[in-house]
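When the chains are written out, they are named A, B, C and D in that same order, and each has its own residue count from 1.
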Amino acid sequence: MPYFDCSYRVPYADTDQMQVVYYANYLEYFERSRTEMLRSIGFPYSEMEKMGFFLPVREANVTYHSSACYDDLLTLRSYVSEARGARLVIVSEVLRGDELLVSGSVTLCCINSEHKVTRLPAKLLEAVKLLSKD
Amino acid sequence: MPYFDCSYRVPYADTDQMQVVYYANYLEYFERSRTEMLRSIGFPYSEMEKMGFFLPVREANVTYHSSACYDDLLTLRSYVSEARGARLVIVSEVLRGDELLVSGSVTLCCINSEHKVTRLPAKLLEAVKLLSKD
Amino acid sequence: MPYFDCSYRVPYADTDQMQVVYYANYLEYFERSRTEMLRSIGFPYSEMEKMGFFLPVREANVTYHSSACYDDLLTLRSYVSEARGARLVIVSEVLRGDELLVSGSVTLCCINSEHKVTRLPAKLLEAVKLLSKD
Amino acid sequence: MPYFDCSYRVPYADTDQMQVVYYANYLEYFERSRTEMLRSIGFPYSEMEKMGFFLPVREANVTYHSSACYDDLLTLRSYVSEARGARLVIVSEVLRGDELLVSGSVTLCCINSEHKVTRLPAKLLEAVKLLSKD
(Lines give C-alpha, C1' and ligand atoms only; values in the text may rest on other atoms or scores of the structure.)
Protein backbone atom coordinates (compact mmCIF):
# COMPACT_ATOMS: atom_id res chain seq x y z
CA MET A 1 0.00 0.00 0.00
CA PRO A 2 1.49 3.39 -0.91
CA TYR A 3 2.21 5.64 2.02
CA PHE A 4 2.48 9.35 2.50
CA ASP A 5 5.29 11.13 4.39
CA CYS A 6 5.47 14.56 5.94
CA SER A 7 8.03 16.21 8.21
CA TYR A 8 7.67 17.44 11.75
CA ARG A 9 10.12 19.24 14.03
CA VAL A 10 9.76 18.34 17.73
CA PRO A 11 9.23 21.44 19.90
CA TYR A 12 10.10 21.76 23.59
CA ALA A 13 6.36 21.66 24.23
CA ASP A 14 6.21 17.97 23.24
CA THR A 15 8.98 16.76 25.54
CA ASP A 16 8.68 15.60 29.14
CA GLN A 17 11.15 15.36 31.98
CA MET A 18 12.45 11.98 30.72
CA GLN A 19 13.92 14.19 27.93
CA VAL A 20 11.85 12.50 25.23
CA VAL A 21 8.50 13.12 23.56
CA TYR A 22 5.61 12.42 25.97
CA TYR A 23 3.78 9.25 24.96
CA ALA A 24 0.38 10.84 24.30
CA ASN A 25 1.84 13.29 21.80
CA TYR A 26 2.44 10.56 19.23
CA LEU A 27 -1.34 10.36 18.79
CA GLU A 28 -1.16 14.04 17.77
CA TYR A 29 1.62 13.11 15.34
CA PHE A 30 -0.59 10.35 13.93
CA GLU A 31 -3.35 12.95 13.43
CA ARG A 32 -0.98 15.33 11.62
CA SER A 33 0.21 12.45 9.47
CA ARG A 34 -3.18 11.07 8.43
CA THR A 35 -4.47 14.60 7.75
CA GLU A 36 -1.66 15.20 5.27
CA MET A 37 -2.18 11.75 3.75
CA LEU A 38 -5.90 12.47 3.23
CA ARG A 39 -5.01 15.85 1.73
CA SER A 40 -2.52 14.18 -0.62
CA ILE A 41 -5.21 11.87 -2.03
CA GLY A 42 -7.59 14.78 -2.54
CA PHE A 43 -9.66 14.52 0.67
CA PRO A 44 -8.67 17.24 3.09
CA TYR A 45 -10.43 16.28 6.32
CA SER A 46 -11.63 19.88 6.69
CA GLU A 47 -13.57 19.43 3.41
CA MET A 48 -15.08 16.18 4.64
CA GLU A 49 -16.47 18.00 7.69
CA LYS A 50 -17.94 20.70 5.43
CA MET A 51 -19.63 17.89 3.45
CA GLY A 52 -21.14 16.61 6.72
CA PHE A 53 -18.87 13.63 7.33
CA PHE A 54 -16.97 13.24 10.60
CA LEU A 55 -14.38 10.63 11.52
CA PRO A 56 -14.19 10.14 15.27
CA VAL A 57 -11.63 7.65 16.55
CA ARG A 58 -12.93 4.30 17.85
CA GLU A 59 -9.64 2.63 18.64
CA ALA A 60 -5.96 3.50 18.81
CA ASN A 61 -2.97 1.23 19.28
CA VAL A 62 0.56 2.47 19.70
CA THR A 63 3.87 0.60 20.02
CA TYR A 64 6.84 2.57 21.28
CA HIS A 65 10.11 1.16 19.91
CA SER A 66 12.38 4.09 20.67
CA SER A 67 12.08 7.77 21.65
CA ALA A 68 11.91 10.98 19.69
CA CYS A 69 13.82 13.90 21.22
CA TYR A 70 13.70 17.67 21.21
CA ASP A 71 14.46 19.27 17.84
CA ASP A 72 14.41 15.94 16.00
CA LEU A 73 13.19 16.34 12.44
CA LEU A 74 10.80 13.41 12.20
CA THR A 75 9.10 11.72 9.30
CA LEU A 76 5.41 11.09 9.90
CA ARG A 77 4.14 8.30 7.65
CA SER A 78 0.61 7.00 7.10
CA TYR A 79 -1.25 4.64 4.84
CA VAL A 80 -4.77 3.24 4.64
CA SER A 81 -4.89 -0.38 5.77
CA GLU A 82 -8.65 -0.80 5.54
CA ALA A 83 -11.54 1.24 4.11
CA ARG A 84 -14.89 -0.51 4.09
CA GLY A 85 -18.39 0.57 5.00
CA ALA A 86 -18.08 3.17 7.74
CA ARG A 87 -14.69 1.92 8.84
CA LEU A 88 -11.32 3.46 8.02
CA VAL A 89 -8.13 2.06 9.51
CA ILE A 90 -4.97 4.08 9.13
CA VAL A 91 -1.51 2.84 10.03
CA SER A 92 0.96 5.50 11.10
CA GLU A 93 4.65 5.48 11.80
CA VAL A 94 7.08 7.98 13.28
CA LEU A 95 10.62 7.74 11.94
CA ARG A 96 13.91 9.56 12.51
CA GLY A 97 15.81 8.97 9.30
CA ASP A 98 15.46 5.23 8.71
CA GLU A 99 14.85 4.41 12.35
CA LEU A 100 11.28 3.46 13.26
CA LEU A 101 10.51 5.09 16.61
CA VAL A 102 6.79 4.56 17.04
CA SER A 103 4.13 2.73 15.08
CA GLY A 104 0.43 2.26 15.49
CA SER A 105 -2.99 2.23 13.99
CA VAL A 106 -6.12 4.25 14.42
CA THR A 107 -9.62 3.04 13.58
CA LEU A 108 -12.00 5.80 12.51
CA CYS A 109 -15.75 5.47 12.14
CA CYS A 110 -17.61 7.66 9.68
CA ILE A 111 -20.64 9.49 11.09
CA ASN A 112 -22.88 12.17 9.64
CA SER A 113 -23.93 15.47 11.16
CA GLU A 114 -26.73 13.73 13.11
CA HIS A 115 -24.05 11.51 14.68
CA LYS A 116 -25.32 8.43 12.81
CA VAL A 117 -22.85 5.88 11.50
CA THR A 118 -22.70 6.22 7.73
CA ARG A 119 -20.70 4.79 4.82
CA LEU A 120 -17.45 6.53 3.98
CA PRO A 121 -17.88 9.03 1.10
CA ALA A 122 -17.79 7.09 -2.21
CA LYS A 123 -15.06 9.32 -3.60
CA LEU A 124 -12.83 8.54 -0.66
CA LEU A 125 -13.34 4.79 -1.18
CA GLU A 126 -12.51 5.16 -4.90
CA ALA A 127 -9.40 7.18 -4.21
CA VAL A 128 -8.21 4.57 -1.74
CA LYS A 129 -8.88 1.76 -4.26
CA LEU A 130 -6.88 3.58 -6.94
CA LEU A 131 -4.06 4.02 -4.47
CA SER A 132 -3.90 0.34 -3.61
CA LYS A 133 -3.68 -0.61 -7.32
CA ASP A 134 -0.56 1.52 -7.79
CA MET B 1 -10.83 41.07 46.75
CA PRO B 2 -11.67 37.55 47.94
CA TYR B 3 -9.98 34.79 46.02
CA PHE B 4 -10.75 31.18 45.31
CA ASP B 5 -8.28 28.30 45.63
CA CYS B 6 -8.28 24.82 44.15
CA SER B 7 -5.65 22.08 44.03
CA TYR B 8 -3.87 20.56 41.08
CA ARG B 9 -1.37 17.71 40.86
CA VAL B 10 1.26 18.15 38.11
CA PRO B 11 1.32 15.13 35.74
CA TYR B 12 4.29 14.02 33.64
CA ALA B 13 2.36 15.31 30.64
CA ASP B 14 2.86 18.92 31.78
CA THR B 15 6.63 18.78 32.20
CA ASP B 16 9.30 19.43 29.59
CA GLN B 17 12.91 18.40 29.27
CA MET B 18 14.04 21.26 31.54
CA GLN B 19 12.31 19.10 34.22
CA VAL B 20 9.73 21.77 34.99
CA VAL B 21 6.22 22.60 33.82
CA TYR B 22 6.26 23.89 30.22
CA TYR B 23 5.47 27.61 30.15
CA ALA B 24 2.29 27.40 28.06
CA ASN B 25 0.67 24.98 30.49
CA TYR B 26 0.25 27.68 33.13
CA LEU B 27 -2.42 29.22 30.90
CA GLU B 28 -4.27 25.90 31.22
CA TYR B 29 -3.82 26.15 34.99
CA PHE B 30 -5.27 29.67 34.88
CA GLU B 31 -8.27 28.29 32.99
CA ARG B 32 -8.81 25.52 35.55
CA SER B 33 -8.52 28.09 38.32
CA ARG B 34 -10.94 30.68 36.95
CA THR B 35 -13.44 27.96 36.04
CA GLU B 36 -13.53 26.79 39.67
CA MET B 37 -13.73 30.39 40.88
CA LEU B 38 -16.72 31.09 38.61
CA ARG B 39 -18.35 27.85 39.82
CA SER B 40 -17.78 28.89 43.43
CA ILE B 41 -19.67 32.16 42.93
CA GLY B 42 -22.54 30.37 41.24
CA PHE B 43 -21.58 30.83 37.58
CA PRO B 44 -20.25 27.63 36.12
CA TYR B 45 -18.83 28.67 32.77
CA SER B 46 -20.59 25.70 31.17
CA GLU B 47 -23.93 27.25 32.26
CA MET B 48 -22.94 30.62 30.80
CA GLU B 49 -22.37 28.98 27.41
CA LYS B 50 -25.79 27.30 27.63
CA MET B 51 -27.29 30.78 28.30
CA GLY B 52 -25.57 32.03 25.11
CA PHE B 53 -22.65 33.91 26.65
CA PHE B 54 -19.06 33.14 25.67
CA LEU B 55 -15.88 34.53 27.16
CA PRO B 56 -13.02 34.38 24.67
CA VAL B 57 -9.63 35.63 25.87
CA ARG B 58 -8.43 38.98 24.54
CA GLU B 59 -5.20 39.30 26.46
CA ALA B 60 -3.02 37.19 28.72
CA ASN B 61 0.02 38.20 30.76
CA VAL B 62 2.15 35.76 32.68
CA THR B 63 5.14 36.29 34.98
CA TYR B 64 7.24 33.26 35.82
CA HIS B 65 8.88 33.63 39.24
CA SER B 66 9.85 30.03 39.83
CA SER B 67 9.06 26.60 38.41
CA ALA B 68 6.50 23.95 39.23
CA CYS B 69 7.78 20.37 39.01
CA TYR B 70 6.39 16.91 38.39
CA ASP B 71 4.02 15.65 41.09
CA ASP B 72 3.88 19.03 42.86
CA LEU B 73 0.52 19.58 44.52
CA LEU B 74 -0.17 23.15 43.47
CA THR B 75 -2.66 25.73 44.63
CA LEU B 76 -4.40 27.50 41.76
CA ARG B 77 -5.80 30.85 42.91
CA SER B 78 -7.99 33.35 41.08
CA TYR B 79 -9.92 36.53 41.78
CA VAL B 80 -11.83 39.04 39.70
CA SER B 81 -9.90 42.27 39.34
CA GLU B 82 -12.33 44.00 36.98
CA ALA B 83 -15.87 43.32 35.76
CA ARG B 84 -17.43 46.10 33.72
CA GLY B 85 -19.46 46.16 30.53
CA ALA B 86 -18.27 43.26 28.41
CA ARG B 87 -14.88 43.09 30.12
CA LEU B 88 -13.82 40.63 32.79
CA VAL B 89 -10.27 40.63 34.11
CA ILE B 90 -9.18 37.70 36.25
CA VAL B 91 -5.92 37.53 38.15
CA SER B 92 -4.52 34.05 38.67
CA GLU B 93 -1.66 32.69 40.70
CA VAL B 94 0.05 29.33 40.95
CA LEU B 95 1.50 28.51 44.36
CA ARG B 96 3.37 25.60 45.93
CA GLY B 97 2.59 25.95 49.61
CA ASP B 98 3.26 29.64 50.33
CA GLU B 99 5.64 30.08 47.42
CA LEU B 100 4.29 32.06 44.47
CA LEU B 101 5.53 30.34 41.31
CA VAL B 102 3.62 32.05 38.53
CA SER B 103 1.20 34.96 38.39
CA GLY B 104 -0.75 36.60 35.64
CA SER B 105 -3.96 38.05 34.37
CA VAL B 106 -6.36 37.18 31.63
CA THR B 107 -8.77 39.62 30.01
CA LEU B 108 -11.98 38.06 28.77
CA CYS B 109 -14.54 39.70 26.51
CA CYS B 110 -18.18 38.68 26.68
CA ILE B 111 -19.80 37.81 23.35
CA ASN B 112 -23.17 36.30 22.46
CA SER B 113 -23.93 33.37 20.17
CA GLU B 114 -23.80 35.70 17.13
CA HIS B 115 -20.25 36.60 18.16
CA LYS B 116 -21.26 40.17 19.08
CA VAL B 117 -19.68 41.87 22.07
CA THR B 118 -22.28 42.05 24.82
CA ARG B 119 -22.48 43.11 28.48
CA LEU B 120 -21.58 40.47 31.05
CA PRO B 121 -24.69 38.70 32.46
CA ALA B 122 -26.23 40.96 35.17
CA LYS B 123 -26.19 38.13 37.71
CA LEU B 124 -22.47 37.68 37.24
CA LEU B 125 -21.87 41.42 37.81
CA GLU B 126 -24.00 41.32 40.98
CA ALA B 127 -22.20 38.25 42.31
CA VAL B 128 -18.85 39.91 41.74
CA LYS B 129 -20.07 43.11 43.51
CA LEU B 130 -21.22 41.12 46.51
CA LEU B 131 -17.87 39.36 46.60
CA SER B 132 -15.92 42.61 46.64
CA LYS B 133 -17.99 43.92 49.61
CA ASP B 134 -17.06 40.92 51.74
CA MET C 1 -8.27 -7.13 40.99
CA PRO C 2 -8.94 -4.09 43.19
CA TYR C 3 -8.95 -0.80 41.37
CA PHE C 4 -8.31 2.78 42.33
CA ASP C 5 -10.51 5.74 41.40
CA CYS C 6 -9.79 9.46 41.27
CA SER C 7 -11.78 12.40 39.92
CA TYR C 8 -10.95 14.74 37.08
CA ARG C 9 -12.79 17.79 35.77
CA VAL C 10 -12.49 18.32 31.99
CA PRO C 11 -11.13 21.78 31.13
CA TYR C 12 -11.71 23.67 27.88
CA ALA C 13 -8.08 22.92 27.08
CA ASP C 14 -8.86 19.23 26.59
CA THR C 15 -11.73 19.67 24.13
CA ASP C 16 -11.54 19.92 20.36
CA GLN C 17 -13.86 21.38 17.75
CA MET C 18 -15.98 18.19 17.70
CA GLN C 19 -17.02 19.45 21.20
CA VAL C 20 -15.55 16.44 22.95
CA VAL C 21 -12.24 15.55 24.57
CA TYR C 22 -9.49 15.15 21.95
CA TYR C 23 -8.53 11.47 21.61
CA ALA C 24 -4.88 11.82 22.64
CA ASN C 25 -5.83 13.44 25.94
CA TYR C 26 -7.18 10.16 27.31
CA LEU C 27 -3.59 8.91 27.47
CA GLU C 28 -2.94 11.86 29.80
CA TYR C 29 -5.96 10.78 31.84
CA PHE C 30 -4.54 7.24 31.99
CA GLU C 31 -1.28 8.72 33.30
CA ARG C 32 -3.08 10.73 35.99
CA SER C 33 -5.03 7.63 36.94
CA ARG C 34 -2.12 5.18 37.23
CA THR C 35 -0.06 7.77 39.13
CA GLU C 36 -2.76 8.04 41.78
CA MET C 37 -3.14 4.26 41.86
CA LEU C 38 0.61 3.80 42.43
CA ARG C 39 0.47 6.47 45.15
CA SER C 40 -2.45 4.67 46.80
CA ILE C 41 -0.47 1.42 47.08
CA GLY C 42 2.53 3.27 48.54
CA PHE C 43 4.61 3.76 45.38
CA PRO C 44 4.42 7.36 44.22
CA TYR C 45 6.06 7.30 40.80
CA SER C 46 8.10 10.36 41.76
CA GLU C 47 9.71 8.26 44.54
CA MET C 48 10.46 5.45 42.09
CA GLU C 49 12.39 7.88 39.89
CA LYS C 50 14.35 9.09 42.93
CA MET C 51 15.23 5.42 43.62
CA GLY C 52 16.54 5.15 40.05
CA PHE C 53 13.65 3.28 38.46
CA PHE C 54 11.88 4.60 35.40
CA LEU C 55 8.77 3.26 33.68
CA PRO C 56 8.65 4.29 30.03
CA VAL C 57 5.63 3.18 28.03
CA ARG C 58 6.16 0.36 25.50
CA GLU C 59 2.59 -0.06 24.30
CA ALA C 60 -0.74 1.67 24.65
CA ASN C 61 -4.18 0.53 23.50
CA VAL C 62 -7.28 2.67 23.74
CA THR C 63 -10.91 1.91 22.91
CA TYR C 64 -13.28 4.86 22.62
CA HIS C 65 -16.84 3.87 23.50
CA SER C 66 -18.31 7.33 24.03
CA SER C 67 -17.09 10.91 24.49
CA ALA C 68 -16.24 13.00 27.51
CA CYS C 69 -17.32 16.63 27.28
CA TYR C 70 -16.30 19.98 28.72
CA ASP C 71 -16.81 20.31 32.47
CA ASP C 72 -17.64 16.63 32.92
CA LEU C 73 -16.53 15.35 36.31
CA LEU C 74 -14.95 12.07 35.30
CA THR C 75 -13.83 9.04 37.26
CA LEU C 76 -10.39 7.82 36.28
CA ARG C 77 -9.92 4.18 37.26
CA SER C 78 -6.84 1.95 37.11
CA TYR C 79 -5.71 -1.45 38.21
CA VAL C 80 -2.65 -3.63 37.69
CA SER C 81 -3.36 -6.47 35.28
CA GLU C 82 0.19 -7.83 35.15
CA ALA C 83 3.40 -7.24 37.11
CA ARG C 84 6.21 -9.64 36.32
CA GLY C 85 9.93 -9.18 35.73
CA ALA C 86 10.38 -5.74 34.18
CA ARG C 87 6.85 -5.60 32.84
CA LEU C 88 3.92 -3.75 34.35
CA VAL C 89 0.56 -3.67 32.60
CA ILE C 90 -2.04 -1.23 33.86
CA VAL C 91 -5.64 -1.17 32.72
CA SER C 92 -7.35 2.22 32.86
CA GLU C 93 -10.91 3.35 32.38
CA VAL C 94 -12.59 6.72 32.07
CA LEU C 95 -16.15 6.85 33.40
CA ARG C 96 -18.87 9.49 33.71
CA GLY C 97 -20.99 8.20 36.56
CA ASP C 98 -21.59 4.55 35.67
CA GLU C 99 -21.02 5.06 31.96
CA LEU C 100 -17.75 3.69 30.60
CA LEU C 101 -16.45 6.21 28.06
CA VAL C 102 -12.95 5.02 27.29
CA SER C 103 -10.90 1.99 28.29
CA GLY C 104 -7.41 0.85 27.56
CA SER C 105 -4.16 -0.58 28.76
CA VAL C 106 -0.62 0.65 28.97
CA THR C 107 2.44 -1.60 29.12
CA LEU C 108 5.35 -0.11 31.05
CA CYS C 109 8.89 -1.44 31.08
CA CYS C 110 11.10 -0.87 34.10
CA ILE C 111 14.55 0.58 33.35
CA ASN C 112 17.30 1.88 35.60
CA SER C 113 19.18 5.17 35.39
CA GLU C 114 21.58 3.65 32.79
CA HIS C 115 18.51 2.90 30.64
CA LYS C 116 18.93 -0.86 31.15
CA VAL C 117 15.85 -3.03 31.49
CA THR C 118 15.59 -4.12 35.12
CA ARG C 119 13.18 -6.02 37.36
CA LEU C 120 10.41 -4.00 38.95
CA PRO C 121 11.27 -2.94 42.53
CA ALA C 122 10.56 -5.93 44.87
CA LYS C 123 8.38 -3.80 47.13
CA LEU C 124 6.17 -2.85 44.21
CA LEU C 125 5.74 -6.51 43.26
CA GLU C 126 4.85 -7.40 46.88
CA ALA C 127 2.34 -4.57 47.14
CA VAL C 128 0.68 -5.70 43.94
CA LYS C 129 0.55 -9.32 45.19
CA LEU C 130 -1.08 -8.23 48.44
CA LEU C 131 -3.60 -6.21 46.47
CA SER C 132 -4.61 -9.17 44.31
CA LYS C 133 -5.23 -11.32 47.40
CA ASP C 134 -7.73 -8.83 48.79
CA MET D 1 14.30 44.66 12.81
CA PRO D 2 14.37 41.77 10.33
CA TYR D 3 11.99 38.98 11.13
CA PHE D 4 11.82 35.30 10.38
CA ASP D 5 8.74 33.43 9.12
CA CYS D 6 7.83 29.77 9.17
CA SER D 7 4.62 27.92 8.36
CA TYR D 8 2.40 25.86 10.60
CA ARG D 9 -0.73 23.83 9.84
CA VAL D 10 -3.32 23.81 12.68
CA PRO D 11 -4.21 20.24 13.73
CA TYR D 12 -7.45 19.16 15.39
CA ALA D 13 -5.42 18.71 18.56
CA ASP D 14 -4.97 22.49 18.90
CA THR D 15 -8.65 23.43 18.62
CA ASP D 16 -11.20 23.67 21.42
CA GLN D 17 -14.97 23.48 21.49
CA MET D 18 -15.28 27.17 20.52
CA GLN D 19 -13.98 25.84 17.14
CA VAL D 20 -10.80 27.90 17.33
CA VAL D 21 -7.26 27.36 18.56
CA TYR D 22 -7.15 27.17 22.38
CA TYR D 23 -5.49 30.27 23.81
CA ALA D 24 -2.57 28.53 25.52
CA ASN D 25 -1.47 26.89 22.28
CA TYR D 26 -0.28 30.20 20.84
CA LEU D 27 2.57 30.09 23.36
CA GLU D 28 3.58 26.80 21.73
CA TYR D 29 3.40 28.55 18.35
CA PHE D 30 5.63 31.32 19.71
CA GLU D 31 8.12 28.64 20.80
CA ARG D 32 8.11 27.01 17.36
CA SER D 33 8.56 30.43 15.79
CA ARG D 34 11.49 31.65 17.92
CA THR D 35 13.20 28.26 17.60
CA GLU D 36 13.19 28.56 13.81
CA MET D 37 14.31 32.19 14.04
CA LEU D 38 17.26 31.24 16.26
CA ARG D 39 18.12 28.42 13.85
CA SER D 40 17.98 30.85 10.91
CA ILE D 41 20.58 33.13 12.52
CA GLY D 42 22.85 30.18 13.26
CA PHE D 43 21.87 29.45 16.88
CA PRO D 44 19.71 26.37 17.08
CA TYR D 45 18.45 26.37 20.65
CA SER D 46 19.35 22.66 20.91
CA GLU D 47 23.01 23.66 20.33
CA MET D 48 22.79 26.36 23.00
CA GLU D 49 21.70 23.76 25.54
CA LYS D 50 24.61 21.51 24.53
CA MET D 51 26.93 24.52 25.17
CA GLY D 52 25.39 24.82 28.65
CA PHE D 53 23.11 27.81 28.08
CA PHE D 54 19.40 27.61 28.88
CA LEU D 55 16.71 30.19 28.18
CA PRO D 56 13.77 29.80 30.56
CA VAL D 57 10.86 32.18 30.08
CA ARG D 58 10.45 34.96 32.64
CA GLU D 59 7.47 36.75 31.15
CA ALA D 60 4.95 36.25 28.36
CA ASN D 61 2.36 38.65 27.01
CA VAL D 62 -0.20 37.72 24.41
CA THR D 63 -2.86 39.78 22.62
CA TYR D 64 -5.59 37.90 20.80
CA HIS D 65 -6.92 39.91 17.86
CA SER D 66 -8.71 37.14 15.99
CA SER D 67 -8.82 33.35 15.97
CA ALA D 68 -6.94 30.68 14.09
CA CYS D 69 -9.04 27.71 13.00
CA TYR D 70 -8.56 24.04 12.18
CA ASP D 71 -6.44 23.37 9.09
CA ASP D 72 -5.40 27.02 8.73
CA LEU D 73 -1.94 27.34 7.26
CA LEU D 74 -0.47 29.98 9.54
CA THR D 75 2.63 32.11 9.33
CA LEU D 76 4.59 32.19 12.57
CA ARG D 77 6.83 35.29 12.72
CA SER D 78 9.46 36.31 15.25
CA TYR D 79 12.14 38.92 15.73
CA VAL D 80 14.49 39.95 18.50
CA SER D 81 13.36 43.17 20.15
CA GLU D 82 16.03 43.23 22.87
CA ALA D 83 19.24 41.29 23.57
CA ARG D 84 21.32 42.63 26.41
CA GLY D 85 23.15 41.00 29.30
CA ALA D 86 21.21 37.88 30.21
CA ARG D 87 17.97 39.19 28.75
CA LEU D 88 16.47 38.27 25.39
CA VAL D 89 13.08 39.62 24.34
CA ILE D 90 11.44 38.08 21.31
CA VAL D 91 8.31 39.42 19.65
CA SER D 92 6.15 36.86 17.91
CA GLU D 93 3.14 37.09 15.65
CA VAL D 94 0.69 34.59 14.23
CA LEU D 95 -0.74 35.50 10.83
CA ARG D 96 -3.19 33.94 8.37
CA GLY D 97 -2.18 35.48 5.06
CA ASP D 98 -1.90 39.20 5.82
CA GLU D 99 -4.24 39.07 8.79
CA LEU D 100 -2.59 39.39 12.21
CA LEU D 101 -4.37 36.95 14.54
CA VAL D 102 -2.23 36.97 17.66
CA SER D 103 0.81 38.93 18.78
CA GLY D 104 2.95 38.89 21.87
CA SER D 105 6.36 38.94 23.42
CA VAL D 106 8.36 36.54 25.52
CA THR D 107 11.21 37.53 27.82
CA LEU D 108 13.86 34.87 28.21
CA CYS D 109 16.64 34.88 30.79
CA CYS D 110 19.95 33.15 30.07
CA ILE D 111 21.13 30.73 32.75
CA ASN D 112 24.00 28.23 32.84
CA SER D 113 23.92 24.56 33.79
CA GLU D 114 24.22 25.51 37.51
CA HIS D 115 21.02 27.59 37.07
CA LYS D 116 22.92 30.88 37.52
CA VAL D 117 21.94 33.89 35.48
CA THR D 118 24.64 34.46 32.88
CA ARG D 119 25.26 36.74 29.89
CA LEU D 120 23.87 35.60 26.57
CA PRO D 121 26.51 33.81 24.44
CA ALA D 122 28.69 36.48 22.72
CA LYS D 123 28.09 34.94 19.29
CA LEU D 124 24.35 35.25 19.74
CA LEU D 125 24.69 38.95 20.66
CA GLU D 126 26.88 39.55 17.59
CA ALA D 127 24.48 37.74 15.27
CA VAL D 128 21.60 39.82 16.60
CA LYS D 129 23.62 43.06 16.13
CA LEU D 130 24.41 42.15 12.54
CA LEU D 131 20.75 41.43 11.94
CA SER D 132 19.62 44.79 13.24
CA LYS D 133 22.06 46.62 10.93
CA ASP D 134 20.50 45.02 7.84
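Definition applied: a contact is a pair of C-beta atoms (placed from the backbone, for glycine too) under 8 Å apart; a residue touches a chain by one contact, two chains touch by 3 or more.
Computed from a predicted structure; not experimentally measured.
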(request) Any chance you could check whether C-D or B-D wins on number of contacting C-beta pairs? (result) B-D
(request) With chain centres defined as mean CA positions, report which chain is farthest from chain A. (result) B
(message) Distance between chain C and chain D based on Cα centroids, please, to the nearest Å.
(response) 34
(request) Averaging only over C-alpha atoms, locate the centres of chain B and chain D and give their separation in whole Å. (result) 24
(request) Send over the residues of chain D in touch with two or more other chains. (result) 12-13, 18, 20, 24, 28, 31, 70
(request) Pick one for the touching-chains graph, please: line, ring, star, complete, other. (result) complete
(message) Help me check something: in the complex, which residues belonging to chain C touch chain B?
(response) 9, 11-13, 28, 31-32, 35-36, 44-46, 70-71
(request) Flag every residue of chain C that touches chain D in the complex, lowest number first. (result) 12-13, 15-20, 22, 24, 70
(message) Taking the touch rule as given, give the residues of chain C at its contact with chain A in the complex, in rising order.
(response) 18, 20, 23-25, 27-28, 31, 54, 56-64, 67
